[in-house]
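Below, chain A partners chain B and then partners chain C, in two separate complexes.
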Partner chain A sequence: MADRRRINGPVGVTSPPVYANHTPGKAQKDTVQQRPDNTLRQIFLKTGITPSASGSAYLEVTGPSTNGPSGLKLNCTVHGPRSLAKSTPFTPYTTLTTHVKYAPFATRQRRGYLRDSSEKDLGVHLETALRGVIIADRWPKSGVDIIVTVLEGDQPREVFKGTPDEGIDAMNVLSGCITVASAAIADAGIDCVDMVAGGVAALVASEEDKGEPRFVLDPAPSEHDKILAGCCVAYLPSRDEITNLWYKGQTSGNDTLLYTQLVEKAVQASRGANKVLVDTLKEGVTEAGKQSKGSMEVDR
Partner chain B sequence: MAQSTVPMFSAQTFAKLSPHPYMLANLKPSDPSRPSQRTNGRQPKQSRTLQVNTSSLTHANGSAMVRLGDTTVICAVRAESLPVTEIPNYRPASSTGPPLDEIASYDLLVPNIELATGSAPEFLPGVPPTALAQTLSTRLYSLLLSSGMVQVDDLRIWEKSEDDNDDNMEDGDGDGDQELGTVPETPGRTLRGYWALFIDVTFASYDGNPFDAAWIAVLAALHNMKLPRAWWDADMEMVVCSPEGSEFQKLHLEGFPVSCTAAVVTERDHAEHSVGKYWVLTDPDRREEKLCDESICMVVDCSRRGDTKILNLSKAGGCELDKALINEFRQTAENRWQDCRAALE
Partner chain C sequence: MATNQQQVLISPAELAYLHASLSLSPEPIRPDGRSSTQFRPLVAETDILPGTNGSARICFADGSEAIVGVKVEVEKTKPKAGAMINPEEGKEEKGDTGVEGGGGFDDDKKNYSNDWVELAVDIPGHRDDDPGTAFLGNMILEALLEDGELVKRLRINSRFHWKMYLDVLLISQPLSYPLPLLSLTTHLALLSTRLPCLISEGDEDPMFDDDWAASTNLYPPRGEKSKLSTSRPPITLLVMSVGHSILFDPTYEELAVADAVLAVSVSEEPTKPVPQDTIATPKQAKDRALRLLSIRSIDPPSRITPPGVPNGLNPATNGEVAGLQPKHAEARTAEVPATEGVWKAPRGGVSRSVLSAMVFKALEKGGVADEVLDGLQGVEMASEILE
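== the complex of A and B ==
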């Protein structure tokens, strides 16, 4: 049934543009991997973009090439801790609610306004990643809402070498969600045991290496012919703990070494993201200090 | 009111405890030498600075991010093709009857506003669109239609004819290969579909005046957007676009309407019948919106020099709206138009 609270548009089926004699050869030039396997794409992170929320952050990951299409744009707001509704039963802990939603314009296919199962799944993963980080008994009887809006989630089809892999895209989004939510929680001043950050690593095979698989950090799906396995972790660096682990792929079950190596690489990626996170927060603190100092001077 | 100020409170505390008297005290200072000022430090007619960034999204045909103070709006326009066979009540233009407004009757413009992104504490996701979000979407839609900004010619998709290898689809020469049984409206071309424009407006941060911010974002995104050259491929039975970047065309938009919203604050808190002195506050923020029951909104277009078109004027509330006030507000709206124009260029 049509959603009567929104403007639904034409009754008939509309379709996104289909391009004639589309030649992927031209696009391939931009998608040759330009960075070493053990480096991340550039991350831009900023806190405090939604002043009316308790905490907020914006994260952007650049695309494979700096002037090409970009990779990921996320916006996160945190509301709370605030009192729960009267009807909710007593809880000695903070109730954490996570909500991940793709904007209608975030992906190649236009998304609807209602959350679908993949978005709910991302929300659950994000909650798992964060629940272990927040000191939940510091705020009893209260709730924290964490809302992540994905403004740009995956890459345009024309840049792909192989077939697009939804799984790696989802992992990249999740890793970004974890990092941006962590920044927003810190911005909101909610007590945490550590700064959590997300990291993704993948086992890829490409023709140039004659099919020999190798590990890459922060994989951009467009850069690789085939992604054999992917792993996304939420990692606490100072406690050396993983709060959420998501592994996906086709590796031999006997080869546990491969699996541990992949997790290790993902942890390494997470450490990289964590550095950016800590730097951003430090910057935010010094800036806030400068501003309050400035306003004090004006008062005098 | 002014003499009851207790010096032990800081100004911020007073503003939080008793916002309405605080705002009045600022607007009506006891010391006449001080200018009338709003709580946020602005003059009554002063609006916040406007920042516009365009084309920052990859998957949209046109996009814009607009910041109006602390209100941040992202708007993306996506074009999707709609073959005429998918339109249930399609009527070719050549058939008898009054001319049809194709944009309105085939729902070719689809604006929607999403507030529930946690943009403010009262807009949390997981609930259906609030009354405010629905009102805003409807107002946006009606303004898009009534302003006649988008031209249906830009949205039409024609059958590809053999001779039609020009970049310009508008010239209707060339007697192409009509399929058997189709009736051409103009000799040589058959209308095979339309572009439907999905205009999605997402609030990243909400701090009052949502309509103005959303409208500027839509305006900027529409000005920014480019449509690929498209034609109907009879063999594949679908709309096909040209991937050449040089063949992407901008829309031919008619006019440049800009909306200007103001809140009206009355002297008495929640005045019922008699309305005392009042102030018109242009571009209200979230705090001011909460204190004011009345609002006034005017959509003007000053594209033609010396001739201001008023496209829309709406006012809710009890204050008497006399000629002088309308004229004064028109002036404010005209200034705002200049600011918006400058920000978009």
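== the complex of A and C ==
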């Protein structure tokens, strides 16, 4: 469906010129992995950045190339719990609605203002991840809206790959969405069974390793030649449970060990993200305490 | 899942009863008397729409019915995105005309694109822009693309390819989560898809034989000599868990008490192209190797079911029947401890061990996936005999 109400950008792709500044022989490899396989990229997380929302959070993950500012940037706002419209039928639970939207300028290819099918798909994944976490029966007849805006996608502008690996990119964005939404829900003071955090792991093969596959936590698609399988989980550490599992790849059905290992690695990545999440929320609590001591009204 | 947004119209007492009977071990008792791994009976036919390249219809015993139509068009292949700046591109193009289907890193250099396949799902009563429908469509498409075999078959030469449109229509009301129905129908439609016979050679503009009888199958039937590997399109199975039992092909009532629901996409491990002088025999379950393509968890509708109220807290019984302490006016029903026989929606997720058990059961040798693939092969062979 075309968006006819707004002035849209040009039809088709307009990609800004990117000049080949690297040596011609190394054109295939865009960035080189600089961290060990079992570590995450650096995460920045801050809560309470949108005053008008009941809860909000901002998340940033460093990009694959450390020399630029690019990387994943997500903003999340939570509105509610608030009463539903009068016309909606009675629900004994909180109605959760999730929106994931890429900003038009977030990716190499321009996104429209209306959500496309991949964005809706991510929204449903996020809903599945969060619905098990929120104690929904404490707010009957009410709704919570969770809106995640992707300000910058995972692919930096310089990275030029013929076929972008959409799968792993979407998984990285989803994992970020889960973590940032979890922080925003905690900021809004909505009761949860646990703090959920997202984690991604992948099985990659590269030419230097002679095609020998290896596991990588928090993979950046531009750093690897071929991604064989990827897995994204939403994990509750204190209950040791998974609320959302998304697995993609080509693995033999007889080799179930591979699947188990990949989920294990994704859980490990999620534990790392959870640590950042808990630290940020603790920081937020102590800051709020200091502010209220100084007779400043902290009004939510 | 969009169907979640609708209220589950089952009373808490019924839910508690269903939950108890489905979580019985060793064998759960399902409302329709099936075993835990049994599929609902279905009626299937292929080649029903003369205006399409391939089509199929499947009708489940519960009355849900789906039609899939496949249309293809010739389209010019876009050069790879890096072509303008990459001075090496010319060399790659030359290498392209070499050996077909080398596998490994060589495969990436051919400009296969996932854009060659487009899939649309239409479900009555749901809006076009419903996220649940988009989720369903992406799930079916994800398995097809992850398999990789379909896109390879759509290549004509280095300049042209077939663009495939898959239109999935659910004709009946969505009585249960329609994923298995739509996936199986898509599988059959792809098997019945025929492409016009190519008479031009190499990289010239494609020319096709006018005779439809000369058209070739996208997935050549087994036993036919072919250059392509004998792979089959993937299928997606719906698996749910309640307590310790794992159930396949759940109905609406069963989903309403699920702890976790997974969609598991599997396909057969493709065999190497058969030499021209031997004829491949149809595979039996025992020598079929399965491949895991994708898994997605689906939000179970059980999370939005209405909770039951134990007698001890029910204002109508005044808390006297069960002999518990009288009800307090301010007592919050949300904090009711789990009581035997009183339904309470599940909270949290499921443990890793349960999820892996679900996946392994789907992939088991001689298990459900094998059984379904055998059944679909039966449909395929029956349609060949009719021809």
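The rule is simple: the second predicted complex is superposed on the first by the 259 of 300 C-alpha atoms of A that agree within 3 Å, B and C clash if a C-alpha of one lies under 4 Å from a C-alpha of the other, contacts with A are read in each partner's own complex, and residues count from 1 in each chain.
As a working rule, a contact is a pair of C-beta atoms (placed from the backbone, for glycine too) under 8 Å apart; a residue touches a chain by one contact, two chains touch by 3 or more.
This one's a predicted model, so the numbers in the text were calculated from it and none came from an experiment.
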Check your understanding: Does the superposition put A:V263 against chain B (first), chain C (second), both, or neither?
Key -> second
Exercise for review: Have a look at where A:R35 lands relative to chain B and chain C in the superposition and call it first, second, both or neither.
Suggested key: neither
Practice item. Determine, under the contact definition given at the top, whether A:R5 touches first (chain B), second (chain C), both, or neither. Key: first
Point to revise | Residue contacts with chain A in the superposition, chain B compared against chain C | key: C
Practice item. Check the residue A:K275 against both partner chains and state whether it touches chain B (first), chain C (second), both, or neither. Key: neither
Review point. Where does A:K141 make contact in the superposed view: on chain B (first), on chain C (second), on both, or on neither?
Key: neither
Review point. What is the contact status of A:T50 with respect to chain B (first) and chain C (second): first, second, both, or neither?
Key: first
Exercise for review: Would you check which partner chain A:A106 touches, where first means chain B only, second means chain C only, and both and neither mean what they say?
Suggested key: first
Practice item. Using the superposition described at the top, list the residues of chain A that contact chain B and also contact chain C. Key: 15, 18-20
Practice item. Could you pull out which chain C residues touch chain A in their complex? Key: 1, 5, 7, 80-82, 85-88, 104-105, 108, 111-114, 128-129, 131-132, 134-135, 137-138, 142, 146-148, 262, 266, 269, 289-299, 303-304, 306-307, 332-334, 345-352, 355-356, 359-360, 363
Point to revise | Parts of chain A lying in touch with chain B, wherever the complex brings them together | key: 5-22, 49-53, 56, 58, 69-70, 73, 75, 77-79, 82, 99, 101, 103-108, 110, 113, 145, 147, 149, 151-152, 155-156
Check your understanding: What does chain B use to touch chain A in their complex?
Key -> 57-60, 63, 70, 72, 74, 76, 78-83, 85-88, 106-108, 110-112, 114, 117-121, 124-126, 128-129, 134, 137-138, 141, 196, 198, 200, 202, 204-207, 228, 230, 233, 238-243, 286
Check your understanding: What does chain A use to touch chain C in their complex?
Key -> 1, 15, 18-20, 24, 27, 89, 91-93, 95, 114-115, 117-118, 120-121, 123-125, 127-128, 131-133, 135-138, 160-163, 166-167, 193-194, 207, 211, 225-226, 234-236, 239-254, 256, 259-260, 263-264, 267
